[in-house]
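Note that the chains take the letters A, B, C and D in the order they are written out, and that residue 1 is the start of every chain.
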């Protein structure tokens, strides 16, 4: 169970991540380093300092692989979903109002209580993409009952959900709608990658239409590997997420986007 | 200027938590003392006239007090109902339900509420912000204001209108306004469909709902809910559910539709229109809708109990007199009751501790023994006081009966939600206009005829 | 395999067959030209001793040199699957008459074949992309559309697979391993 | 409803260049409904890329009459069984026309299968039919066995039938739950999941996985029946019939359920055949077409069971067909357990499979209809072409024919009664 925690050296954070983040520039809009000219990217990265690095994606620049037929498969193209980076580069997301909601009046040392409250009522979004959705439902049904921890009811509308459980393969056609869903959820919100396909592409590493890990398009808090993981795995991951919420981590304006899994996997 | 304006904030930001608290204390202690002094002076000077004023228009004071109490009690009621629904539906689904937060997960609904309260509060792009913001308030207030006329117990009611029932239906009809505002203002087709559905549904179910009550009004010659309850006092057979069974059935069905509960929950049909009128609502705005739904359930159940099941009246004549053979519990006064309670607690502890020690053997050390005895005494004493009060005070007895009847209907609603699927819109309308309306008219006709014949 | 079916087929549509009827296991295969698809399907569907009523499958095949469209039919009159291979469709401008006049269900199957191979079914009134986004311009299941050896190595792979418009290339270089089809 | 001005559309270069297909005149760029849909859906971010030329069907669908509006159901919708997107053209709440948009789960499995060898193909096809994945492996191994002239041991065949029928029961049980859920009932889906969890745990004892069993092999099955599986199976079989009765009784006699489903989405016999619908949906329309009898493929000729058919062709009939099929499957499982032969469970096969060049088509009767695989071998260790035919894909195609005239509330009920699985539809 890998817990992506915004680069502060933590559980499951691959060591390659931070090094490659140094290697990748501010990448003006946080774009992936192109495989065609990795050297230039490195140079610009070394000159760049400051908070931009926090929001730069972690992408291992391609120095090994060249497309056999660039006409057919054009690697090295950047993500066109970069608005999250641009938002992260601004300070707009760092305002604590989102964290406070209507309780702006309470002094800041009541924060821990709020986090306890949130950790105990995590409403998932009822959105299943593929196979793992069945196991997600199974985790909510009678045999292993997620409701015991308050991870119920599954909200149908993203406006009322706290956790986005991405259950199943994310394809390039679905990436846009899913990011839109993620943006429609109000702060504070968390994202759980359920299953190998969402963690790293899984068995669709070689596919021409699958996203190689959803952390290329949205920040992820908890990774739950498995194809598909058992319902107990999902429940364990949600409990890990609760711990992560208690530790006052996981606010996406402070998280960078980009694969936190080394690309070699 | 601006620097000087910002200076205090900078100082405040530079302080540590302890310094901030100390500073607050330094500022507040004189403030509190001065306030107390001024209040004392004020009471000494203005006291009599204020008391005269209050005594002069007592109903006004009573109204304000009742309104405040109702506003304060609404949200806890919603919390209780939400927890009830979570648990009961879970058990009906062969699940456990929330059991981690609080004893048996009893705090879960409160946690949900607080979490919703602390979510980011924003209005999406494209919405009509004013209407979008007002809609939840309208819905919530419309359902809360109906609580004003419900008699919880003899003497415990917000206001006793002689048109209480009319007022109730008028306020209940205001709910649809909020839902319609929500559906229209939030820039979303699902919301629009939900809002229009709720409008059509509530408007068409208002009619059988109102007509089914007219029979009761004919029988009692009053629209004041207190009067209706008083007319049912006596034995269980004075309840109107026996005199007006058809009306009771129609009222229950129409009330289910009025409260947007399954199988009539067209407005937030999850599998059709995502969350209905509340699709675009987040944070506390959604929380208002959430609470309003459950307050509606409570109100509808309370009205069912009031109109047809005798309200706060006991199902049978209470055997004992309200005063225990001449002993008037009011005569002791506060001091007397306090002394009694203290003596009971101390004495009970003294009596129980050795018994527990004997029973527990060596496994109990002294302190835990005493604490155990104290706890047992408290429990027994509270039970005894409750029983005494139940026997002695009529309002407590009425409250207990009223709540029992109300929660019976609440659990019936939850049961229906766990069991029944949702019916289609056209079936909904057809049912309202083809079956409920003629049935209620028939009931009205039969009742009127019977009254005329019997009075002659 | 059903020997009588072979004679029946040869009797009914002898003129259209561009290869002898081929039978193996429980499958009977005939090869026809793109031009004769409508009357062959009509004959198979309507003739009383054939009655191939159920269109089991419609698949496109790219053999490297030519395109094929393969129909699988089921009939209550025989114990065999009937496979119709429409052969000799040019890769540069693949065109086949649509089967939607007989089976409405062929519409989406043809859309899929168009999406994956670029085969244009003339007569299909809704021939557009069905799986890939509408602005996608290449045809993934063609043999000159190669998967990377390891997509994970390609930076930013998959986030939005940006592709070049499909120009009608001559069969690609021998370096790109096009495996020859068993039959052509 | 407040209208929002949409950004001007970018000049479309390709639309003019493509002259081969005649296109109807393009809609005014200011209110191109597709652009507005995409804005609401968020599939595209500015600038909007150019669309290819519009087809005839698109032209007639994406033009609004007066009083009509578009409604996007999905790809994220609580009741679309995955990432199906239905673009509804509504007038009020009545459905005028439907345009299903697929491909949100297109994972390119066929291409991957063509690039992986014969052993891995069986694993790769698993996630397509993710509710009953064994029925996605079965046609693949069937086609490969035809390619390689492999004779499967009878015990292996019996084990295949046994596990397959178990999974068919699980799938049908889930179908009932989902149908009830889309009609607004909360409880049946949970009871269905209790049943399904028992079965998949049982199969996990046999195959080692809960959902994506990579169990069937070319020329046999992966593992023999073990003690835990048999004990769980016996435990379950002792009350399977009663449990099925109980689950169905929860909704069968429900007046609301029957009124919602009877006469909704009627699919008559001729239309079903014209659409190539298979499986329970076809049998609910009165065509007794079941590959287990129509084209026997395993040891099914040795087993005795009925093919339930109904003539109404509405959602209720489609539901009741599943109910009857559960009983038949329980019968089949009973017979399998009774005359389960001894012997090997795998044929002798080389470690590296290089079948002779050839073509093969294998099809089995899955819970949703005919699962087919068309495989071409070119003598290497990888299939040259691997075509997957999925029944849900064909069954879902009838939605534009079933829905118009119904109400919005019937959409989900009808789609659920067709029992689609998006993994198989989008491949």
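Keep in mind that, in the parts below, contacts are C-beta pairs under 8 Å (C-beta built on N, C-alpha and C of every residue); 3 or more make two chains touch, one makes a residue touch a chain.
Here the structure is a predicted model, which is why all the values come from computation and not from measurement.
Interface comparison, B-D against A-D: more C-beta pairs in contact at A-D. Distance between chain centres (mean CA atoms), chain B to chain D: 48 Å.
Averaged C-alpha coordinates put the centre of chain A at 30 Å from the centre of chain D.
Inter-chain centre distance (chain B to chain C, centres taken as mean C-alpha positions): 67 Å.
One inter-chain figure worth recording: chain A and chain C are separated by 41 Å, centre to centre, where each centre is the mean of the chain's CA atoms.
The set of chain A residues that touch two or more partner chains comprises 80-81, 141-142, 156, 173, 206-210. The residues of chain C that reach two or more other chains are 131-133, 140, 145, 147, listed in rising order. Across the assembly, chain D contributes 43, 78, 103, 106, 108, 111-112, 115, 190-191, 194 as residues in contact with two or more other chains.
If touching chains are joined by edges, the resulting network of the protein chains shown has some other shape, matching none of path, cycle, star or complete graph.
Annotation, chain-chain contacts: A-B, A-C, A-D, B-D, C-D (touch as defined at the top). Remark: chain C residues 24-27, 29, 53-57, 59, 61-62, 70, 72, 74, 76, 79, 81, 83, 103-109, 112, 116, 120, 125-135, 140-141, 145, 147, 179-183 touch chain D in the complex.
Of all residues in chain A, only 31-35, 59-62, 64-65, 67-81, 172-173, 175, 200-201, 205-212, 216-217, 263-265 touch chain C in the complex they form. Interface of chain C with chain A (complex): residues 131-133, 138, 140, 144-164, 167, 169, 172, 175-176. Touching chain D in their complex are the following residues of chain A: 80-81, 83, 126-131, 133-135, 137-138, 141-143, 154, 156, 158, 168-169, 171, 173-174, 176-181, 203-204, 206-210, 227-228, 230. On the chain D side of its complex with chain A, the touching residues are 41-45, 75-76, 78, 82-83, 103-109, 111-112, 115, 123-124, 127, 130-131, 174, 189-191, 193-194, 196-197, 210-212, 422-423.
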